[in-house]
Amino acid sequence: MASQIHVNLSPAELAYLHASLSLTPPIRPDGRSPDQYRPLSAETGILPGTNGSARICFADGTEAIVGVKAEVEKTGRRWDDDTIFLEGGGDDEEGGDKEKGSTQQGGNKEWVELTVEIPGQRDDDSATVFLAQMLSEALLADGGFVERLKINRGWHWKLYLDILLISPPLSYPLPLLSLTTHLALLSTRLPRLKSEGDEDPFFDDDWAAAPYLYPRDKKARPPVTLLVMAVGNNIIFDPAKEELAVADVVLAVSVADVADRKGKGVEDEDMDVDGRKLKLLSIRTVDPPSRLTPPGVPNASNTAYGHASAGATQQKMPEARAVESEAVEGVWKAPRGGAKLAVMGALVQKVLQKGGVADEVLDALEAVDLS
Amino acid sequence: MPLDTSTYSLALLRVDGRRWNELRRLHAQIRTQAAADGSSYLEMGHTKVMCVVTGPSEPGPRRGGGIGGGAGGQSKDAEVVVNIVIAGFSSVDRKRRGRGDKRTQEMQSTVANALAASLHTHLFPHSQINVSLHVLSQDGSLLAALINAATLACVDAGIPMTDYVAACTAGSTSTYAANDESADPLLDLNHQEEQELPSLTVATLGDSDRVVVLVCESRVQISRLEGMLAVGVDGCKQVRELLDRVVREKGQRMILEGTVEKGTGLNDLD
Amino acid sequence: MTDRRRINGPAGTTIPPIFEDTSNKEDANSVKGRTRAPDAVRKMFLRTGVTPTASGSAYLEYESSAKSGVSGIKLSCTVHGPRSLPRSSPFSPHIVLSTHVKYAPFATKQRRGYLRDPSERDLGTHLETALRGAIIADRWPKSGVDIIISVIEGDQDRASSGPQSDETWDMMNVLSGCITVASAALADAGIDCVDTVAGGVAALVQGPSEDTPPSVVVDPIPSEHERILGACCIAYLPTRDEVTNLWFKGDLPASEMDLYTKLVENGILASASASKVLVDCLKDALA
Amino acid sequence: MSTTTTTLAIPGQLLGSTSKYQPGPGTHIHESNLYASLLGSVRIVHPAAAPTTKPTGPVKRLTKLSALTNQSSSSSSSLKKQSSSPDQLPTISVTVSAEDNHHNKKREILPEVGNVVLCKVIRITPRQAVVSILVCGDTVLEAEWQGLIRVQDVRATEKDRVKVYESFRPGDVVRAEVISLGDQANYYLATSKNELGVILATSEAGNTMHPISWKEYRDPVTGLTELRKVAKPY
Amino acid sequence: MPREAEPSLNEKQFVIQALQENLRLDGRELEQYRPLELTLGDQYGVADATLGKTRVLAKASAELTVPYTDRPLDGIFTIATELSPMTSPAFELNRPTETEVLLSRLLEKTVRRSNALDTESLCLIAGQKCWSVRVDVHVLSHDGNLIDAACFAVVSALRHFKKPDTSMEGGVLTVYTAAEREPVPLSWLHSPFCVTWSFYGEQGEIAVLDATWLEEQVRVGSCTISLNRHGEICQISKLGGTPVEAVALLQCSAVSLTKVKEFSTYLDEKLAEDAKRRNKGGLLAELSAENDR
């Protein structure tokens, strides 16, 4: 959860931040507009040793590198209705389409292995695990992805995604990592299959001929995970560390572009103008670090100002810190409780609406030329 | 696959077409990253390493892989903490090694101690210098590359140091079993050669003959040590020159861009 | 991350049992689909104070489904603390919450190890997020509380050898249970909460045939449905009408936002009914 | 004693508006309404009686060690209270008490700034005395909380003359007041009041001593005196 | 975590001063070892090496397991080093310190990677059954130069160790107890030993062998060289520290060779002694079923 990143801001500063962010329009510390991302520079195909790789550097200097490696793996050996054809042999028809059915259900966890490396954090640290789970969850939720990995009924590709955060984690790295992963997958190519049918696969070793995992001509794109937060009624995208420190609620929303998705006959009518058809893959609540911020002391109960009352009444009353006070204007109080449903709905809506931020981000990423 | 050294004896050319005393292409950059105090990117052949230095700073909570000179920032010298991440995709066949991996830890402490020898840590008491290294691709001479990258990053970070710590590998043709004295020493081995031939990694301080790091992990006749060491040491001198050039060029550029004030006598330096 | 504390058997030598899929056979008594109404949650049993040594504890059990061989969920939760933080940890003006969710080795069809695997850690993080919102953290400075949940039975279809992907949906069910049971245990431990948080799950399921439009059900059991298109797990504060944790996963066209909202509403429905049980349980714990 | 135990409350239950009640322990304010934050019974304490009522939190424990102190000091505090808070709203609070939860489990409470605690001296240094807090108010604590009496907090006057080893010895039981939450490890305590200080001391000979002056204890057997910061007996 | 108490400034000064005048606190020459004692246990594969106050006990053991899938033709050979709090309060269980990691890596490189033990001979049925030989190193007391002592202990333990004899007839693998057949020694290829140098002075010009704990604490650098008696270097590791002239290192390696020869002769004597002690009345000749190749 985000609370792992520590912010040292005084209650006064927090109160100020919160106030300025809940203005309409909100005033962000770095002067961005609410749905504006940090400027970034990206490049792909930086590592010849991998099937696909990408590097993104945010303007604030945070930098991540993602490398994708693919290995051929026997399918079989799954506790599935179609374990009938274990070693790819003994093929019978309904085995095949059953398999299809099952893979459509979000596919096999084992086909994708995603690891996140954050300097200074153990790789089994719960925050890191949370990140990894979030990113892989988005990938797997899109059934089409796993179908891409199928070679034939006996064999499939296993993808290894290694995500490295190069810079020290200045802000919650989720957006950065997600964008980088997206690019890396876009640039990923798998060797062209030469064998046909269910025979053991062998491949064309001409790299130039290797097709992309996400073919260029199709509109399909890997998922991106956006970090959205709300302060008061304002919705703010790609929040910086300081902004997270006063967030009321933080959501991580994963969307993907599924223009070429067959199956449910819905997409035809509501294609929007640029033919992009967004799909909601996963939403997670991220624990806002604001809950762990130190509260301010309203002047009334500030003993330093001679109002000894608080001290005195507490005199012989253990637990009397519970003496509650109404929220005082300009005094920071760590938020309690959760978020109203309406707010959450608005967040998601803002992400998904046509021409919304998700659209913009995907456009921006398509602009990156894939070497 | 076994590397037939016979071809070498014929043409005196190595598998990748180098002579015995040739380095691979060494490409390096410094100040690759805005966020860090110091950063560098270094390629030796296909071995690619990134380095980020933060500090000298107040020692944070003890992190994993915290192996270094001082003792928990309590010492009167700055503690050099090195953290090496070997990316899963770096080697040809993907293998993932966790933080606990002993070999990585050994390299961490080696780099840390090598730097500590050259950096003026006594200038920063009770503080910590964090060096985090990322291995993006490996093709032999990994340790050497790590040391060089770390040195560059420290230069970029502006941490006072005695001199560059430059490293490279040296090997010897024909395996230890064949006890021929005619075996030639080799410079800067790649992965294939490292697998087949006896090799050692040597790092020297500046252009002196003084060895900071000497690591040999393969069986070799003691008689051959001298030859290999000699080649290695003078390889290090070449490497130092290259590193030095990188730094100077960057310096020049920064002056032209006006990012830094032009100091006096910088022209007579180069 | 290998388990160095105990002597482990050789890796990968155990394969989970695959039982004969009775649902394929045309015998009358085997229930295939869901028997409950779409908006009916399973009956659950909740009781606090089951572990005398802990400062707070609770036990939660879901009834097992009508479908043969599908087990319910059994969870036990213990709360330790508030206790003084270890000397190494820095000063904290709030209570420091640490959540551990652990499957018993026999809880699911596939044996779980003794070390927490990523999915368990993930659950722990979700749970923490859900509870952080409920707890009034600044009542307990400089102190920490450990919330330990052990999943005794993990809601998996043992009879039919369902595909792996079901696991994630099971996780959601388990998480909702964890949230409810943890909140009961917290109340039992006497740690200040703004409200009794309760968890609930709703899912978007494919109808019996492909052409029927997908429908929304609460508290789904994966194996009872043809296919689950998406599901969401919600941690809900009934009296404040607020959500502390929302976890949605699925495959939902952006054009169908109404489906999504419907899903969330049903999720809240489920957690509301869970919180009824919770409230009653707490009430008679007092009486 | 006009305390009225009305009903049972569960966390999140509405208790009334802030215009009607003052928030006491186990309650919290949300949108100018009072809600319960604990599982327990609701108590409404009327202001006139407020000072003399026992502290609501620890009432469940019957280990009275300092009844007298409560009387005297609470009366003193009552005066302050009168002056400070003119509006006399009844205080509403939710408490977990032994009788109303069937397996009578004790609920942990924390030392607060301003509490009087009883603690045992663990070790002394020239700068401070390290103590472990045993009793807070009237409640014997479950968890192990460590405290610190710094040399400048031992006495109200002539602080620069204070020597820790002339004020405390390991093993002494000290009555002290919490002055700060302190650092991550220790609460900061002070004995800079007459009624605060060592209340139980054993001599080097190992006998329990009795106080003879504001700074001396005497061993009844050997007749030797030792220096302490003596708490004023009642 | 508790840290080792550092020697006082005076101590440091004194030791270094002395070394600059070629004097050591215990009156040794700079290149002289402390008396090395080896005790072989009654059980096969137990070796207890003492070097002054440093004492290391190594125990070799073997069990039947399945070979690793990626190396079906090799047996398994592991060296387990754990520094217990018994050795020094600075060590904790389950949290390897730097010293521990480096020590185990050194033993690993010296004994295992230089394949002193022929692991292929440990394989009984390819891909199915093989011996897993394991050496546990226990440091009983630590007064400097752990590495050399530990390495010596490990090698002698392995040399001394005998594994149960086995036979294959018609795909049936039989493992004989010591009563049925005399256990057979491991097929041992060469005996590497570590020699650790400590360096002192500004330029690291003073090289000292077998430093005590106090001396180790004040040294500016160290270098461990592993050789066998045939003058084959198995491993060199100078992991940072104050730079040392290359020539000096070469001299060190030369001196190390002589030391290593002393070690191996000493070990051979000890083993011979032990064999004689066991072989009462020369019964072993009949008992052992292996034909000497």
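A, B, C, D and E are the chain letters, set down in written order, and residue numbers restart from 1 in every chain.
As a convention for this text, contacts are C-beta pairs under 8 Å (C-beta built on N, C-alpha and C of every residue); 3 or more make two chains touch, one makes a residue touch a chain.
Fair warning: this is a prediction, and the values are worked out from it, not measured in the lab.
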item: Chain pair with the most C-beta contacts; value: A-C
item: Closest chain to global C-alpha mean, per-chain Cα centroids; value: A
item: Most distant chain from subunit E, judged by the mean position of its C-alpha atoms; value: D
item: Whole-Å gap between the CA centroids of subunit D and subunit E; value: 62
item: Computed distance of Cα centres, subunit C from subunit B, in Å; value: 50
item: Averaged-CA centre spacing for the pair subunit B and subunit A, given as whole angstrom; value: 36
item: Junction residues of subunit A, two or more chains touched; value: 319, 321-322, 336-337
item: Subunit D, residues touching no fewer than two other chains; value: 26, 28, 30, 110
item: Where subunit B touches two or more other chains, by residue; value: 98
item: Residue numbers on subunit E that touch subunit B, as the complex places them; value: 3, 6, 98, 101-102, 104-105, 108-109, 113-114, 203, 221, 223, 227, 231-247, 249-250, 253-254, 257
item: Interfacial residue positions of subunit A with respect to subunit C in the complex; value: 1, 78-81, 83, 101-102, 104-110, 124, 126-127, 129-130, 132-133, 137, 140-143, 251, 255, 258, 264, 266-267, 270, 277-287, 291-292, 294-295, 319, 321-322, 334, 336-341, 344-345, 348-349, 352, 358
item: Subunit D - residues contacting subunit C, complex; value: 8, 10-14, 26, 28, 30, 35, 37-41, 96, 100-103, 105, 107-108, 110, 142-146, 181, 183-185
item: Complex interface listing, subunit A residues touching subunit B; value: 47-50, 53, 57, 59-63, 65, 67-69, 71, 115, 117, 119-123, 160, 162, 164, 166-168, 170
item: Sites on subunit C touched by subunit A in the complex; value: 1, 15-16, 18, 21, 92-94, 109-110, 118-119, 121-122, 124-126, 128-129, 132-134, 136-139, 141, 160-168, 192, 194-195, 227-228, 232, 235-237, 240-257, 260-261, 264, 268
